[in-house]
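This report concerns only the one structure given below.
Chain nomenclature is as follows: A, B, C and D, assigned in order of appearance, with residue numbering initiated at 1 for each chain independently.
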Amino acid sequence: MPSMTEAVPLPWVLTLAGALFCVGLFGALSRRNTVGILLGIELMLNAVNINLVAFWRYLEPNVVAGQTFALFVITVAAAEAAVGLAMIIAIYRARQTVNADEVDSLRG
Amino acid sequence: MTDILRSWIGSALPDWLIVLIAYLLVTTIVLFYAVGNFIMMVWAERRVVARMQDRLGPNRVGPAGLLQPIADAVKMFTKEDIVPRNADRWVHLLAPIVALAPVAMMLAVIPWGRGWEPIDLNVALLYMVAVSAVSGVGLMMAGWGSNNKFALLGAMRAVAQLVSYEIPAVTALLTVVILAGGMSLLDLPYMQAGVPIMGATILCGDPAGCSPLLYSTITSFPGSPSEPVQALDLGLGWWVFTPVGLLGFLVFFIAALAEGERTPFDIPEADSEIVAGYMTEYSGMKFATFYIAQYILNFALSALAATAFLGGWQGPGVAALANMGGPWVHVAAALSAFYLLAKIWILFFVMIWLRGAFPRLRVDQLMDFAWKLLLPLALVNIMSASLVVGLTQWTSAQWGGLVNLDGFAPWQRQLIAVLVTAVINIAATYWILSINQRPKQVEWDEEELVVAP
Amino acid sequence: MNTLITILFLIFAALILTSAIMTVTVKNIVHAALWLISSFFGVGALYLLMEAEFLGVAQVLIYVGAVSILILFAIMLTRDLEGSQNRQLTPRWWIALIVPAALFGLLIVPTVMTHDWRLPPPPPAGQPPAISGAQQIGTAFMREYFLPFEVAAILLTVAMIGAIVVAFEERERRRRVLTLAERVRLRQRQQQRQQPAPRPEPAATAVQTSEATGGET
Amino acid sequence: MMTEIQTETTEVQTTRGKVYVIDRGQTRLRAGQGLLTGLEVVFRHFRDALTRKLEKPSQQTGVFTVQYPEERLKLPEAFRNFPILLYDDETGQELCTSCFQCQRICPPQVIHMTQARDPATGKPVPAVAEFLIEYDACMSCGLCAEVCPFDAIKMDHEFEYSTDVHGGLTLNKEALNRPISYYEKIAPTFWAEVKDSAMKKLQGNMKRRPDLIGVAPQMVEKIRAKRAEAAAQAPAPAPATTEAAPADKAARLAAARARAAEKAVEAAPEPATDSAPTDKAARLAAIRAANAAKKSEGAAEAAAPATDSAPADKAARLAAIRAANAAKKAAAQRDGSEE
């Protein structure tokens, strides 16, 4: 059974993950909409997961640490999404907006 | 399939192309199988529900109305495709595809017969659940892209229902995972060999004197890592015959009804309230695509329920035929495929039956049902399933000396497990049902009462 | 066969990156969420390609089936109709572009490309490589990662409770509107109170009426 | 799994009447029991629908579908769809005398007719020349059939009239005509009630219809052939065979008509038609006058006793007076012309 390790070199996968991370970072930094920021963060978490899985597959396929970590990241991401979206909804209820730069009560 | 193609075409083509062609061929066959069943299901549903309502149903096109789905298809093809002016064109277009594709993907991991397995995925059960969850995105797209409040309401209801009922469904399937010791669907029918209730625990005493027509080499306990043994095999050791499997099956089937949006859980397309739910703004082939997606989802969920709890393709005679070897193996495969199909259709008949009998639930009743009834039952069932594994397989060392069953024969251990879980499950079911009973008489504080104007 | 896998990888990579770029650039936030789902899908497929079946399926189940649905719900619950056509990017978005681009071009690519990864030798031909699958992950969660597993479970529970508390909308206490049956029973009770010698109240009754009394206040 | 539901009814007096409180024994139903009962009922229906049809009203299960084009329910006699015109089977004479009552009463105004005229004299005869009903606008109220004094228009049971021809639902006399035997078949009791008076009136009207006027168009050829046969048989020694009797009668009728027509020609020019009164009532009176004139030479003398007989009905009296006036005028004119 041919595998990905032979067909695709590791740097390619890591470059893909890096590119995804940077795109996500750009999204998180540039969006005004809070949901948009959350989308960017989700992209970044996915990039990290790709990295973890790639390292697991290419470097130590017989140890489960990589996958376990990726699963924890997914768990945390799910929790983060739930809480983040709940906060966005609460903010929207209170202020009728979801734009991050309009939620500035703490600004002096 | 790959091997057959290799032997036919030989070295004329590069290997990866042969693999690709083999995959495509298998995909085509499975999809045609599903769509053929879809056509028959539409016909059967209309006919059966008509009889339940003392009507005849479609009986004009072709013999007994069998060609009615084809007439419907022609109508659907020739209808005008209407897109609302303010709709999100691309989302509106992609939604039916996104709804159908995951449902079609579900078919890939089901063992359709003995040896007729498209893909051996070792996380097949999880895959089924995961992929069926994706169609929710399609429904959401349909609701949002239509720019119609009824469509949006319907989509929200559909997705909320889908997500809620996934939990009892997955929890019920966990029973199977515990019993089987893995998530592969391919092994499940093999594990459900044997005789009812006892499973494959009645061993062959004398290896020479056991007829291959009655005895075959199977794993003695569900999920057992031990070596396969010669045991009595009638192909009827379905898990639904054990208390754990029965409760799991009921919970899963009810949850599957809700996932497939069948009555009484057809709240997302409650036509008396919100026109047609997320399908409101669809016509022609796009509408038909949603329709196909729904029926194939029901088909796949029935197949999953049949495989997980009703023995899949397992049935009397399959193992015997397979043991005879030679061309009989293919006969066994055909017979097993027939068994699975029959089980799917019986489940589908039950779906139609429920549709004919029950009215639609309200949304709060729907949620109550999932969270207050199905989920506790499924959780209790997981405990029972663990007990089954423990009682049938663990040594006293694994029990920590609490339970010592080392000296018992396999069938005795199986019997003990069945009895214990039966007591637990019946007691738990009775208790959960009784605390969910409606209170006998509602007492109000009379000062709170407001008489309607 | 290797060619096929390479092609598949390139397809998935293109899918992931295109979808990700569309996610952060499209104006419509719902479209962004849909592109994000497509990106999640690509990542899941990539996991499958890397023979991490459990992770791939979990990715689809959790991200596509749950998180993105949650995001779509949140978008639809917070749609501000008048503001949706405004600009979606912050005023200094070009800074936000430069930083990741620099990060990618100057840091990630050179590091990844030049580093010596010390890959393990490929397994001898004909012998399947030892890959840890779902079973091993399960065992690991019950053995060496037991504590993190439990912590994750608690985290999820807490997150769920927290999300409900944050997003819960306190409703006014609903005033009951009586059905006819309830009204009749109420009347019966009031009559009983007025007359000290009541007739026995029919127990556990539901009511059907021969007449449709609209309101009898 | 059938649960015996005990019904116990108590009455409660409220301000607006009685309320019946039924004890449905709900507390005795355990969870899921009602669901199972429902399933059982549905399955019973399913099973019975496969094996039998719903025939008796007391039966609860079984297929009740009537497969329409092949199977039909028997329509009740009083079923009404669209109006039709009746004609006599034997003589082919239509019952309609074009009295215009139906045209007047028709709420959607879809009935149109013209009165037949004697081609020889140009005088109107109690028969209809053309009769149109627009079925597409007809509302099936049945008022035309109610009002018809000659029982000539009746409501049909036929309802499959759909067509793709524009104007295909405007039916003429030929399409509207049905033999009496047809109506007798679809509504026997109704026809039995009116049969005698209708036939009597028809006999009266037939005498005043010259030649083939008033014969249903589809019967014209037949009747003509019959008459020819009758005429051929008339000189024969045995004229009064049972078969020939109606034809004989018709021949005699025709002869009588011919005589009347001759008389009318003698009385020409017809005063009423010449003066061409626009008023319908006047025309009617004129017709009556002409009839009166036909009956006796001394028109004025004949009209006077009619007035004397003093009919109770005012309208009739009015008509009689008008007839008398017209007769007088006609007499004066005839006197003038004779001079």
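One rule holds for everything that comes next: a residue touches a chain if its C-beta (ideal position, glycine included) is under 8 Å from a C-beta of that chain, and two chains touch if they have at least 3 such contacts.
Everything numeric here is computed off the predicted structure, so don't read it as measured data.
Summed over C-beta pairs in contact, the chain pair with the top total is A-C.
The innermost chain, defined by the distance from its C-alpha mean to the mean of all protein C-alpha atoms, is B. The distance from the centre of chain B to the centre of chain C, with each centre set as the mean of the Cα atoms, comes to 23 Å.
Each chain gets a centre from the mean of its Cα atoms; for chain C and chain D, those two points are 75 Å apart. Work out the mean CA point of chain B and of chain D, and you get 67 Å between them.
A straight line joining the Cα centres of chain A and chain B is 33 Å long. In chain A, there is no position where the chain touches two or more neighbouring chains simultaneously. With touch defined as above, residues shared between interfaces to two or more other chains in chain C number as follows: 1, 3, 54, 58, 66, 73, 203-204, 216.
Of all residues in chain B, those touching 2 or more other chains are 440, listed in ascending order.
For chain C in complex with chain A, the residues that touch the partner chain are 1-3, 5-6, 9, 13, 16-17, 20-21, 23-24, 29, 32-33, 36, 39-40, 43, 46-47, 49-52, 54-55, 58-59, 62-63, 66-67, 70-71, 73-75, 77-78, 80, 83, 86-90, 93, 95-97, 99-101, 103-104, 108-109, 112-113, 117-120, 122, 128-132, 136-137, 140-141, 145, 148, 152, 155-156, 158-160, 162-164, 166-167, 169.
Interface residues of chain B facing chain D in the complex, by the touch rule stated above, are 48, 50-56, 353-354, 356-358, 433-434, 436-437, 440.
On the side of chain B, the complex with chain C involves touching residues 15-16, 19-20, 88, 91, 121-123, 126-127, 129-131, 133-134, 136-137, 140-141, 144, 152, 156, 159, 163, 166, 182-183, 440-441, 444, 446, 448-453.
If you check the complex, the residues on chain C that touch chain B are 1, 3-4, 28, 30-31, 34, 37, 53-54, 57-58, 60-61, 64-66, 68-69, 72-73, 76, 133-135, 175-178, 182-183, 186, 189, 203-204, 215-217. Of all residues in chain A, those touching chain C in their complex are 1-8, 10-16, 18-27, 29-33, 35-36, 38-40, 42-43, 46, 49-50, 53-54, 56-64, 67-68, 70-72, 74-83, 85-90, 92-93, 96-99, 101.
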